[in-house]
């Protein structure tokens, strides 16, 4: 249950309070020359402490590769990797030992497994997503020409109103909120700082656009390209919703408005389909939107209960994100990359 | 790739133009007494021709069980079943032989597999979902006390505005659009008829509520309860989006508003979490919403291309749904039931 | 648990007393033109009643294909098939209702599932292997040039002493015991008839030789080509052992005798490796041997117990094989073919 | 392809020349208190350099656990572990850079992956089995009362002729060849030393006996208990054959001799079935025998070819086992333990 993917597979382990987290990438074909700086730079995009609007926890998140490589090229053998934990403040969690934090996984884990792994939230810690970024970074290199770009499209009720086609994706990394529109980015940053000062947190959305996808990825029935993308996104901590192409807006439309009319070359004049028809890519841009709830740990007093079922008061401590979407951007891209890598491999066996 | 589920597994086959569709339910524990009338009645909820607002195609959709049962009780052996195809109007599709219908799977299938399986759309036909309803009906009986109710919550821009808690689910089947609010239902029916008269189609949403779920279903990382529900819903034809609990609205909220405060018994005062925290059920109602695009086949002239890449004009023929959501209701329930059955079994191995 | 294979997958259902058995072949690439006569002829090699040395039960074992084909060519969709049961003599089993037959699966099934599916032995019936022969026949056609030939290499203590290289495989079907050496075949047939007359049964071995295997099939660690072949063979009813290449004899040898010295072209002078080195095919012939125990149902009085744990006397009735190996030959080939098809597909994703 | 097991799963990585090998144990239920000394002692049984009849390479094989544990008890999270490589003599392999060693995996790997991972043989190195011993040691502790004992039953043509029932398994570890019969052990040790002096190697067999197995483990069709045991054993390096219960001898017998007659309590008077009937355990001892070929690396001159297809002469160097069976004993037990753990979990979902 800790394996993602069918062909390009990532199996992971680790909690934030142990010695290390890590994983095994299995199924990456032999002969792929890896750019390790690129992998580390993806981790750097996700790591804590990178800007004033994210958690101030410090982790260098340096990945070590342990196997599966010969002079930097994949051998077809499983790629084992490890990211040491440097910042294990178990004390930060001591006050939580007997308390169930509201809207966290504390209560459900305890009931499921019969024990509390308090420090850092056990496997529910978002630290796990560093493993995913490693898997995704390898997948991106495997995908070569396929371009995956995610960006922050809303923070609270502040929306980036422009169509993605008008955006310059090279600007995503130019600001700390990862929104490729300077004006909106500035407002988002202010909003997040304001929320943080109030000891509160705020939700947001991430939009992802995938270009240069070959026609034919995805399976017709249970492994539709979009159902696997949706599942991947819904695996990310704090995600509450997923829509692709016309999404929830499409549910308000009529067929005569919604149909994408073909050009003679097989491309379509519009792209409400979001690059996927019948579960299979049609060569147009794939785009989707992911909704993230506000982080549950707030720096305000809240009523809650302890393990004995007694009502107690608690207040968040430690270093937490006031808004997850800026750091979620590389995670969304990583999960998308692993899904696509899986389907690229899967497609190799669809014809004689 | 035609198998759904890890423990409670449904593997399916069939196209609408063949002799039969069918499947194999594998992993259903021994000792479950099945109510076959109940299974058939779920199929009847999905079948075409049941009312004036759905396709007028006629199929009795009668399921035949072929194995895995002893005097109506499951033996632990795989349950093979078959639904004969009665209404194979291959001629209905002859005019499509060389044409790619807009926003259908015709183009992507052809490119993926190198051949056209024109009649009825091959595996992309929604007829496949009859198999899912059989699997889901068996799963529902396995789940016993867990109650799964889906209903139509919007058609186009007509929304059922009431909170689900105020609805009487016993009224879902009292009208042909499957909306448990008489007034809204009436408007939806009128809207669909109006759209049909215009030779057009319209989208909508289905909401699903699951009650009496035990605490502890779902896995912390890659098999989160909601990511599997999302994947299941996104497998249904025409689905463009999925949200659970606060969903996309949650992305606009602050943590202080969004957190669900505990009652001493572990239940929560609010339920923006949607019954799932950290990927695991917390015992509160699970609820989610699914967006369906308008059906692509419209009874209007459209420009499109043929297999030679020539621009041609086409018009939908045959008998199609003007709006899929009324018939999607039992499909949403079926997929939800199979996901839950899978997790109930999975949970049996989580502790010593 | 009723699915065989990872890429080329067969999922099956059915008991001998139901309406039909059948299965779904999933993962067969699109574009394979099938020869249906060839498939039926493989079933005819397995069917009961074909000669005087096998069970006299009569079943035509006619396979019906239900999906996944367009004018006889695979479409990439799952291939559903069915074999109706014609000869359901439930009465033959009535006397067994409360009795556990020695060395049968009666006792273990009852304890595992808590119920008796007496008629025909439920899923433990060798009738299930007819499904495998269908899957294997499709796999054989997928494999094209790879030649798979199995034959009877011993019956009781009568051994075919010649090396397989000296045999003419075209003679396998020339006699009813399926041993490609006339003289030995004749002795085997006599032996089986003698055993049958005594109301007894006898064991034997089947040898299988696979030619024209490309270099590179199989995985280095857990999916070694020979471990999957072994598993496949050990899935066949009554099998007690598997060895490939030098097998158990190899365990007596020294390295200096056992090593296969290379020819300049990469072929080897000897082939004690059995065509597989490090789990991966090396292009030489693959060969292995499978041991079958004597059938448990004998026409003699035996002491046994009933479901109450009382000692009772029973005697086999009905129509049973005195020796399974002649009919096991096509089953061994079918399972080998499915394993190879799986690895041929798997190998498509091993390199960039 | 580097994952073993369906429920109790071990995924591994590592080559002998990298920094470490390791793995992830996923699916071990929460609440199992682990005895780490016991785990390390299993590794010590497998490690090189432990006696005069095994390779003199030195590796401490110390396992480090990285996750999934809380105060020594499993939490239900994946258990990551690592075994650092201490003895990386890449130079030992330099002379092999362009040479294909006879009966090794060099040639097949090169052809499959298009590259040579010379040092230590890449994933084909038996070092990988240290990972399996860790997985097996955890599985053994999960299995509690089920006792798994393997021992050397032959070296070359020297056989331990006594029935296993007459052996004292507590003596297995009393001698360096791991044969629980002093006299035979002494002869085996002499034989191995003699072979080593001749620069040669020799094959052998390992027998494994599993006691206290509950009735009902195993699945009727494709996941028979013995087919998974066979597959597991055939995954071990150098294995050429597997037989259980009567095995290849059973193929010479008659049904009237071979049938195991029941005692009133459901046990059987004889146990030619080897504790498994119809693929499911019947509560009697499970026993099986595994054939190992002689190690391919010999200290004698051999003709072989290089990567250019030129004929060259080579001679084994480095430190290799003259006979693998003494060190294979804990590996056989480990693989058997993982198979049984898988089936114990699987059986939890077989009934309502």
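Should a chain be cited, it is by its letter among A, B, C and D, assigned in written order, with residues numbered from 1 in that chain.
By definition in this document, contacts are C-beta pairs under 8 Å (C-beta built on N, C-alpha and C of every residue); 3 or more make two chains touch, one makes a residue touch a chain.
Please read these numbers as outputs of a predicted model, since none were measured by experiment.
Asks: Higher C-beta contact count, A-B or A-D?
Replies: Looking at contacts between chains, A-B has the larger number.
Asks: Hey, which chain ends up farthest from chain D, C-alpha centres compared?
Replies: B
Asks: Centre to centre, by mean C-alpha position, how many angstrom separate chain B and chain D?
Replies: 47
Asks: If you average the CA atoms of chain A and of chain D, how far apart do the two points sit, in angstrom?
Replies: Computed value for the inter-centroid distance: 40 Å.
Asks: Using mean C-alpha positions as chain centres, tell me how far chain A is from chain B in Å, no decimals.
Replies: Each chain reduced to its C-alpha mean, chain A and chain B end up 26 Å apart.
Asks: In chain D, what residues contact two or more other chains?
Replies: In chain D, residues 1-3, 12, 27, 30-31, 76-77, 112-114, 122-123, 220, 350-351 touch at least two other chains, as defined above.
Asks: Note which residues of chain B are touching chain D in the complex, please.
Replies: 7, 27, 29-32, 76-77, 142, 220, 345, 348-352
Asks: Quick check on the complex: what are the chain A residues that touch chain B?
Replies: That would be residues 1-4, 12, 100, 102-105, 107-109, 111-114, 122-124, 128, 154, 156-157, 195, 200-205, 215-216, 218-224, 226-228, 230-232, 234-235, 240-248, 250-266, 268, 272-274, 276-282, 291-298, 300, 302-305, 309-311, 346-347, 350-351 of chain A.
Asks: Report the residues of chain D in contact with chain A in the complex, numbered from low to high.
Replies: For chain D paired with chain A, touching residues are 1-3, 9, 11-15, 18-24, 26-27, 30-31, 64, 66-68, 70, 73, 75-80, 82, 112-115, 117, 122-123.
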